[in-house]
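Next come two complexes built around chain A: one with chain B, the other with chain C.
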Partner chain A sequence: MSGITRLTGRGCGSVCLPIVMILVAAALWELSPRVFKISPYYFPPLSDVLAEGWRIRTIVLDGIVRTVTETLLGFSAGALFGIACGVLFALVRPLERAVFPLFVVSQTVPVVAFGAIVIIWFGNTIFAKVVIAFYLTFFPVTVNTHAGILACDPQKVALMRSFGAGPAAIFWRLRLPSALPTIAVALRLGISLGLIGAIVGEWFGDTVGLGVMLIQAMYTEAVVRLWLIILCCGVVGAGLYGAVAFVERRLVWWRSDA
Partner chain B sequence: MGTSPATSDDGQELPVIELVNVWKRFGAGSPSEVVAVSGVDLKIRPGEFITLIGPSGCGKSTLFNMIGGLEPCDDDGSILMRGRVQQDGELLGKVAFMPQKDLLFPWRTVVDNAILALEVEGVPVRQARERARAMLPDFGLAGFGDHYPHQLSGGMRQRVALMRTFLFERELILLDEPFGALDALTRAMMQRWLLDVWAEHRRTVLFITHDIDEAIFLGDRVVVMSARPGTIKCSETIDLPRPRDASIVTSPEFMAIKRRLLGAVEEESLKSFEAARADARRVGA
Partner chain C sequence: MQFPQSKHRSPIDRRTVLARMGRFAMVAATAAGLGVVALAGTTGGAAAAEKVSLRLKWLTQTQFAGFYVAKAKGYYDAVGIDLTINPGGPNLNADALVASGADTFGLTGGAESQLAAADKGLPLVAFGVSHLTTPYVFVAKASSGITKLEDFRGKKVSTWFTGAQHTLKAMLASVGIGEKDFTLVPQSATMNPFIDGQVDVATATLYNEYQTLVAKGLTDLKVFRADDYGISVPRDTLVTTKAIAEGKPQLVQNFLEATLKGWQYALRNPDEAVDIVMKVDPSLDRAHQAAQMKVLRELMLPPGAPGLLAIEYPKIEKLAQLLKDAGVLTKVPDVHAAFDDRFWKAAPDSLKKL
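Take a look at the complex of A and B:
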């Protein structure tokens, strides 16, 4: 009972307010081009954008499904790889000193420079986009996993040792769980970067996807469609971020300082 | 003759733990060498409740870490358990160790925090949880088994940590200022409660504190440590009758003991205060 009342009581703060703000933003988007007589070439009203969306809804939906698939695959691979590397670097210090600098250098190369190579290696397949999404995701996850595991309270490690715990027990029961809040922050960052990776990956050539539609709309100066794709990217990005944040709040509800 | 392993040649029960000339020097040989603990000899007999008191920074915690097996003592001394010399790290897993902070894991419930040591020992989780649940009322945590640490008060968190220590069934329990962070009222309550639990679960306890009243109220014997380098200055057997209740702290016997100990402790506190001031001056110059 009390849970329900608390949920609804809190609901109006955390759910209603954002919805109201979104409606206000939508109203501004709709009204400002009309009120200030802005040419639709620069800023079409929302209703035009939505009408365009409805007209080409199947293409848009296909694009969203493709881009989200690429993002999720790249993000998952990047998250797993990043966590594994972060753990390895934290536990095997010589490996950290040898390989970590390479990771940093790899991130200073703009992803666009890698795009062409990735296409040559993997062809015009979905795999090429997944690789670029992966490339953008794994680094922050590696860094945060590494930092999170190293930040483990040495007094807690001492306590575990005094119980006779070996390195494996200390890792699974203490180091990894205490790093989870830090890892979760990187995952939220990673999902947004993964989406950017997928969209940019599509620019190097494909026929389906939000990135493809963005490039096409740009070349044909289809301004309304351009705004439509921007809107879709925003909605997809917010949705993915929200999903990761939701899972995080369920699984990793404690904070690292507690 | 046939001496059992738990008794020495003269028939007396062997001490649970015995420190023989225990030293700890940090950065030995360098000009910045710090002697944290020097020449400590101490015997703790089975079932004894020893309180260790000394000025802050006197090496109490270093001594504790050595008894807990977390740090080796220097080669010229040794730590014996039941008469057997303990090598580096051999004491790990043999002493129930409770540091100053509760160090509860925020992602574990009260019960799951309490069974941490049992899990490490390989006790099946279900069985360990049953044992922990049975102990909850003793530790004033009945009904809180499924709560998380952030939902508990400081005193309750400290009791969870104590329960974790008691569930790790070892002969010797090391408690490092467990009530140091609690307010005076909660602390007095926890002290009486600890004596009850101790009377029931009869273990050997070494308890660090910087509070003289606490040391006398709890201990069979109070051991006073000197300012750094920490060594044992004196020790006094407390023959106040047990069970002890709160009113004992105002009895003339208690006061007499306190007067004797206060002299020794204050002298050492003053020394460590002077040393800290001298250090500060040297750094400032």
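Take a look at the complex of A and C:
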């Protein structure tokens, strides 16, 4: 990585490289259907997809706003719940042994299987989608919080204790801060999973959202629309990931993987 | 450790905050009081509307225009029904949602799913049927050389394994083609394999897939209709639980009549009906929805049909026997228990025709 950075000039690598890659991908998308004479039914050129997006821009925007709202609500709830559970499991080991297996079981069941039940419980409300986003988010956050807190250097704990720090001080000043980089990684994972949860949640009956548009396009063979929604999901996902990464860099500047 | 901000905190600040909170509390209390008065006003006036929900079998589209039109035109409000229309989706089973009580009414698969529900002992009763003729057909391209049902022999046929396969097998059996005489493959969400020629015959609903094929330029299709071979699968059944049908017959009656009114208006004013549906879901393709609306007319009121949303027992009994013979049903259920036409009979005839 450092070699490439040196090649592209200092400071430019992290910004210019992705932009160049995106432009290359866009060019390939635009040109390959034309050069290889691929039917738009199989792979429409990017310009067709963007034109469709412009044509229905208000609808797309409404869909994005709805899906992002669901994602953020589900992600926030999942992150808070995950961090709380991870901390609890790390501090109270018997609880971990008792409850954690249930968490694992919950994650091995495909979320689609829960769909009907979520609808029975919460109806066709935005809450039903939030719950599914929550369901996909909390697990990685729990696991990473748990691992991060347990990975705390025992020598540092001993040092703080020797200065007379109580368990609360050790937790707030040492264990949690040293776990934050690990938790932050889970949050980046969680926001992507939360988006998937919101989209899948919309498959259980709604009229607004990227997930609804995805299904409609799928079942009416509207291929250009399908690519448009795929593109939107990608852009939204990348945006959310970037936002979380940005906040992380600001708040957890001591992260270990930087 | 002291935080720098704490230096700037003063008692005056705190007082202003308290005063602000007080003012907010007063405004909130007044608003809440007004709300209570307003609420009392509405409940004290006209009879309180009953909150009711309808679960559709699929996403919002003109296939369900009658309900959306009746809602938009206030036909449900007029009979004291506050209706929420819940769209379905690929992973939702409207029967289960109604049986569980999550939804009051459901527009479910069709006669075959209602018979299966009765066979499984689900406490559901159908009180109306939308499509009085089989809404799906089997299509072949002209280039495949298939011109009659006998030509299916040795061909690759794709269909949905959610009931349509029994219709297909029964049709083919009527011309002496057994299950071993052709290749049957499950059909997925996309018509691609048919368009590409990977399968010779595909299944299409007249209101969705068939329209998609036509829109893609496949206008020269040979269409095989089950009804031409004496098999009819009425579809899109209106169901509720037996408990509601017995306990709140007036609610069911009102719902059915408002729905009939909605369908009558929708079929008489197809353009406006499409507009109403498009308003609910603007992301829909208008041309596709308009084409769908046009097909509904012939599915819901085919020549010789008793009227909109009619329950035709002879067709259903014949289908029940067919499904029993195919091993889908353990017995021929009591179709008069699974389909109850007393509400439909009590509805004025003027609502059932165009």
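Before moving on, here are some points about what is shown:
In this section, the second predicted complex is superposed on the first by the 243 of 258 C-alpha atoms of A that agree within 3 Å, B and C clash if a C-alpha of one lies under 4 Å from a C-alpha of the other, contacts with A are read in each partner's own complex, and residues count from 1 in each chain.
Everything that follows uses one rule, which is that contacts are C-beta pairs under 8 Å (C-beta built on N, C-alpha and C of every residue); 3 or more make two chains touch, one makes a residue touch a chain.
Since this is a predicted model, take the numbers as computed values, not measurements.
The wider contact with chain A, measured as residues touched, comes from C rather than the other of chain B and chain C.
In the superposed model, A:Val104 makes contact with neither chain B nor chain C. In the superposed pair of complexes, A:Ala27 makes contact with neither chain B nor chain C. Of the two partner chains, chain B is the only one that A:Pro177 touches; chain C does not reach it. Contact with chain C, but none with chain B, is seen for A:Ile215 once the two complexes are overlaid on the shared chain. Once chain A of one complex is fitted onto chain A of the other, the partner contacts of A:Val235 are absent, as it touches neither chain B nor chain C. Residue overlap on chain A between its contacts with chain B in one complex and with chain C in the other: absent.
Residues 41, 56, 58-59, 63, 112, 115-116, 119-120, 123-124, 203-208, 212-213, 215-216, 218-222 of chain A are the ones touching chain C in the complex.
For chain C in complex with chain A, the residues that touch the partner chain are 53, 55-56, 59-60, 84, 86-93, 96-97, 100, 102, 189-192, 208, 212, 216, 280-285, 288. The touching residues of chain A, counted against chain B in their complex, run 153, 155-156, 158-165, 169, 173-174, 177-178, 180, 254-255, 258. Residue ranges of chain B in contact with chain A, taken from their complex: 65, 68-70, 92-95, 97, 99, 101, 103, 105-107, 116-117, 119-121, 148-150, 168.
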